[in-house]
Amino acid sequence: MALEIQINDRKAYVDNLNQEDSKMLIDIDGKHYEIDIVMVEDNVYSILYQGKSYNVELIPKENPKSYIVNTLYNSYDVDIIDAERKYLMSRKSDDDDDSDSISTPMPGKVVSIPVKTGDKVSAGTTVIVVSAMKMESEYKVKKDRVIKNILVKEGDIILANQILLEIE
Amino acid sequence: MALEIQINDRKAYVDNLNQEDSKMLIDIDGKHYEIDIVMVEDNVYSILYQGKSYNVELIPKENPKSYIVNTLYNSYDVDIIDAERKYLMSRKSDDDDDSDSISTPMPGKVVSIPVKTGDKVSAGTTVIVVSAMKMESEYKVKKDRVIKNILVKEGDIILANQILLEIE
Amino acid sequence: MIQKLLVANRGEIAVRIMRSCREMDIKTVSIYSDADRSAQHVRYADEAYRIGSPPSSESYLAINKIIQLAKKTKVDAIHPGYGFLSENPEFAERCKEAGIEFIGPDSKAISVMGDKISARKTMQQAGVPVVPGTTEPIIDESLVLNKIRDIGLPVMIKASAGGGGKGMRKVTEEKEILAAVRAAKSEAKDAFGDDSVYIEKYIESPHHIEFQIMADKYGNTVHLFERECSVQRRHQKVVEETPSPVMTPQVREIMGQHAVNAAKAVNYHGAGTVEFITDDDLNFYFLEMNTRLQVEHPITERVVGVDLVKEQINVANGNRLSFVQEELSQKGHAIECRIYAEDPDNKFMPSPGKIKHISEPLGLGVRHDGYVYKGYVIPIYYDPMISKLIVWGESRTEAINRMRRALYEYKITGVKTSIQFLEKVMKHPEFEKGIYNTHFIENNEKDLLEPEDCEGNCEEMAIIAAFKDYLTKQKRMALRQNGASDKNSKWKMAGRTKH
Amino acid sequence: MIQKLLVANRGEIAVRIMRSCREMDIKTVSIYSDADRSAQHVRYADEAYRIGSPPSSESYLAINKIIQLAKKTKVDAIHPGYGFLSENPEFAERCKEAGIEFIGPDSKAISVMGDKISARKTMQQAGVPVVPGTTEPIIDESLVLNKIRDIGLPVMIKASAGGGGKGMRKVTEEKEILAAVRAAKSEAKDAFGDDSVYIEKYIESPHHIEFQIMADKYGNTVHLFERECSVQRRHQKVVEETPSPVMTPQVREIMGQHAVNAAKAVNYHGAGTVEFITDDDLNFYFLEMNTRLQVEHPITERVVGVDLVKEQINVANGNRLSFVQEELSQKGHAIECRIYAEDPDNKFMPSPGKIKHISEPLGLGVRHDGYVYKGYVIPIYYDPMISKLIVWGESRTEAINRMRRALYEYKITGVKTSIQFLEKVMKHPEFEKGIYNTHFIENNEKDLLEPEDCEGNCEEMAIIAAFKDYLTKQKRMALRQNGASDKNSKWKMAGRTKH
């Protein structure tokens, strides 16, 4: 079964040439890997390749075909691009520009929102202050913007990557 | 929702009188328990009752309504007897005598089977020898019996509670 | 005799205290906020009670509620841990009024040491060297210029009520001084409700070296040697070790004696820590005294061979210290790394969230004091410290090698952690040589944050693991779809199973 | 200099050895049987290779395959751990021929100590006291009666090649002796292919006390004090401690000297253990020497403060011992409990299977050497030991209290374990007092196996937890059935998710 796998910025073509129990012969971009792979714990794989012992952990994202993959010191974003995924991606709109909203990379609590809907703000203006574990972080707009919509209020508990403000 | 719960040899009548978030008021055989219960890990519950902190682990058996339940020092067999279960049990035949077969409580490897199908054996005769972790165990019949069927052979890897020989 | 004890804290320190209680056959009572119902300290305690909503002010800092609960549960003593109410003189006093033993010194010792200006004065009277500077709050700004000419630039302006770097300003030129004093005052007022500030000489190349002290209620006071705590970022300790790689036996003895004198000057009893700032030539000055158990106390426990929590309880019980100074010695070397839920690549931003997977380091010479477990959600309300990894080695080199090995074994996913950053610290040549001061992290930030090279084929192995997982899932889905046609299979199965 | 090392073992000891290698920056190679592909030692090693099918004879005992792999992977040394090939003189010899350092003594020392009769003879020549008895295999049965009249009844008949209690018989009456000799010979022949047996005086109330020794290749030999290993069942150690509660400084010095002499008598180098049997009056006799690392070596490491695996490698590298006798001392008290996958309530039957859940004890004074993890399936082919729990305390009492605490924290489900049984041992008055001998477990079996009382309402809590779980499942199932009507939901979901 050949398919594309996106790993960070690289797109790899991967094919399973042979499989017998835990042994697999895998082709990645034309190079062959004869490996032995077993899942030893939930989402943790042990791989032996040319004798070397690798431990690889997968953290599935919401979409079951997307993973964060951790090796000893590195962490990768990996997407399996099979036929279904390709179809869905072809239908996706192009304007996937995340700068039309403000969100935070971690959960926390809204401390203050020094702007209101309709405000015109200049580049570098703080539009929301969020605290987590006693540390406060300010989030700013990078260009001149208009505040379109404020989706949270002071004191709200927010999730990581939750959209807090829409801007335009 | 009231139902019967079998715990070891005891049958308890249990009812959920009230529930709010993690707090529950439960009636067990007429006695009321006001408790706070949350699942803190897979299959591990933390219960607070009259301030006391209890940690209880459930190990589901094959049937999802049967558990092994471990408290600090004790282990219980618990069966939830709801309507579906009652119906199934009523259909079950009565001759549920496990002495019509030989099985072992642990997995292992068959070392030898000193009997053959059709043999008449007297009480105390060893009918199968099983090894696990370098220790051999002999399994004997408790009464005079006839070997009806031998389901495994020497060298076989066996599971816990797998039926090895049928006797009559 | 203390037979039941309330731990007015959470996280690793609450569990650590309860472990010693269990070994002493003392029953424990935990308190928890709504954010902590699933936390380890609730599961570990003999009894646990809700104390309030998540913000500390409504739970772990709520003196009235805690005292009330302590009375209701009939505990003999309260252990405050570190942080929260541990250095709150009012809380110590309220415990006393309620007839409950507060595991710590008298409220008076806490008060004197809690205010930096009064602490400096008391130390000067006791003959303990303090950093050259003012001994009174700055009121008359006109005297400031004379003062800094006496001391010599650069100087630090510090808030008397301060802590955590707030209300602190470095001044290198005379003309900056008045603006800096005013800014520090305003910041101190905001942060602590007290605008008292004072001036100290700025120590170049400073080392943070502290002494553990222990005293009973009869005036017997000993020190348990030093801890080197100069690996810091934003005035927060990250790695501690003992013995200090720069210490000499002569200076150790003198500093230890001053630490004991510092404690005696405030009639101290219980466990405490006297912090010194030293320069490269081991000139040392009293910095402050922490009137409680310290986060990094385990390295002292390991090298000296005592259980400090047990000794705290022993002293609280009115017993004499179970050792005299001459019986104490240091054996081998211990290092502690603090593991934080934070993202070193993103300005060390806190990273609360759910622990997806955890593998803890084990084996010879490794102690691990933690409280999280697989599936636990680290709440957003409290300190981001996950655990403390403590190793011991016969030599400093062995301890460093062992810490590297332990960090290598330690895996936590779901939240970002400082584990890899700490591995870099352990491999840094300056740390290896023991030549570092409190500027170590900021001076070496680039090296310490550089991503580790992929070893061999790790990108390909990541692809392979994801590919294998995908194939397995596809196969399972195919099986399930075929199996689904067999409508009554579940009921049949149940009927066939013997109970 | 050893830079790459093959560990010819599995389980906790393989991981323990690799931990020290990692701290020494030595690369490690693991071997695994088909039953061990998922085992921790495969995951921990730098390299891992399949060696054969599950039975030991085809994997961990397959000398040819292991030597071949060692050559192929270009390792400098092989560490045999304990068990398997660790005391196989042929294996030591084959390593030597292949130019690979065997971490252990010469094959000759292994041979002499492996045969009990030749060991007894060698010890007698070296002036080490042996249990009164015969020094030659019994060939002429007519001489046996005279001999036992010399020694005095009761006596033990033992197989020269013996171990693990096989070919062993106690004789209390003269008339039993010839039948017993013949039975022992036949059993020894079956078990070891060698029917040599000899006679020893039976020691009443025996204590099993052993001394750790360490020697370099230049004849420098030291002992690292004793371990008390009298808590045994079926001749298998269950709990070990150091110092021995019955030892005196005088006897320790004499026994230690004899242990050193025993090692010197066979030109020993590396780590070894000299086992003695003693009576209640501390009369002691050489029992055997184990020419390898011992399962219970960690308690010595803790109390003496050394890493024995590192020292083994140091000696194998041709270096001198890194300490002399005078530098060694014991500090505090250490206890080890062996945690087995077994069912104490069912004649200690092995209990292999899948680990459903594991919580490991942590904190001050606790070392845990294990290899299993959640989801790991303990195979049926090998030793049932899961892990070793080692604690240290300032005093024996503190060590016992800490072990109780650690056992309390240690939870493993999925397989039966000896954890609760060990808790009972730690609470038994005879153990607490330190008054016990090798009959301790059999004499107290009833007490040690009595089920612990339910604390409070545990039966009700079990009912409540099951009830709650059932309610949660029912609710989830109801939700799923409602949700299932929405046919294309999965596809819609995927379409909505941003990638």
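Just so it is clear, A, B, C and D label the chains in written order, and each chain counts residues from 1 on its own.
In this text, contacts are C-beta pairs under 8 Å (C-beta built on N, C-alpha and C of every residue); 3 or more make two chains touch, one makes a residue touch a chain.
On a predicted model such as this, the values are computed, not experimentally measured, just so you know.
Colleague: Looking at B-C and A-C, which one has the bigger number of contacting C-beta pairs?
Modeller: A-C is joined by more C-beta pairs in contact.
Colleague: By mean C-alpha position, what chain is farthest away from chain C?
Modeller: The most distant chain relative to chain C turns out to be B.
Colleague: What's the distance between the Cα centroids of chain A and chain D, rounded to whole Å?
Modeller: 47
Colleague: How far is the middle of chain C from the middle of chain D, if each middle is the mean of its Cα atoms, in Å?
Modeller: Here the centre of chain D sits 38 Å away from the centre of chain C.
Colleague: Between chain A and chain C, tell me the centre distance in angstrom, where each centre is the average of that chain's C-alpha atoms.
Modeller: About 33 Å separates the centre of chain A from that of chain C.
Colleague: Quick check: what residues of chain B touch more than one other chain, meaning two or more?
Modeller: Each of 41-42, 52 in chain B touches at least two other chains.
Colleague: By the touch rule stated above, which residues of chain C touch at least two different other chains?
Modeller: Touching at least two other chains: 373-374.
Colleague: What's the complete list of touching chain pairs for this entry?
Modeller: Result of the pairwise touch check is A-C, A-D, B-C, B-D, C-D.
Colleague: Could you pull out which chain D residues touch chain C in their complex?
Modeller: My answer: residues 15-16, 19-20, 22-25, 298, 301, 305-307, 331-332, 359-360, 362-370, 373-374, 394, 398, 401-402, 404-405, 408.
Colleague: Mind pulling up the chain B residues that touch chain D in the complex?
Modeller: Spelled out, the residues of chain B in touch with chain D are 1, 5, 7, 10, 12, 14, 16, 24, 26, 28, 31, 33, 35, 37, 39, 41-45, 47, 49, 52, 54, 56-59, 64-65, 67, 69-74, 76, 78, 80, 82, 105-109, 131-135, 137, 157, 160.
Colleague: Spell out the part of chain D that touches chain A in their complex, as residue ranges.
Modeller: It is residues 29-30, 37-38, 42-50, 73, 373-376, 494-495, 497-499 of chain D that touch chain A.
Colleague: Can you name the residues of chain B that touch chain C in the complex?
Modeller: Touch residues, chain B against chain C: 22, 36, 38, 40-42, 46, 48, 51-53, 55, 62-63, 66, 79, 84, 88-89, 91-92, 96.
Colleague: Provide the residue numbers of chain C that touch chain A in the complex, in ascending order.
Modeller: Those residues of chain C that touch chain A are 341, 343, 346, 349-353, 356-357, 380-384, 411, 413-414, 420, 451-473.
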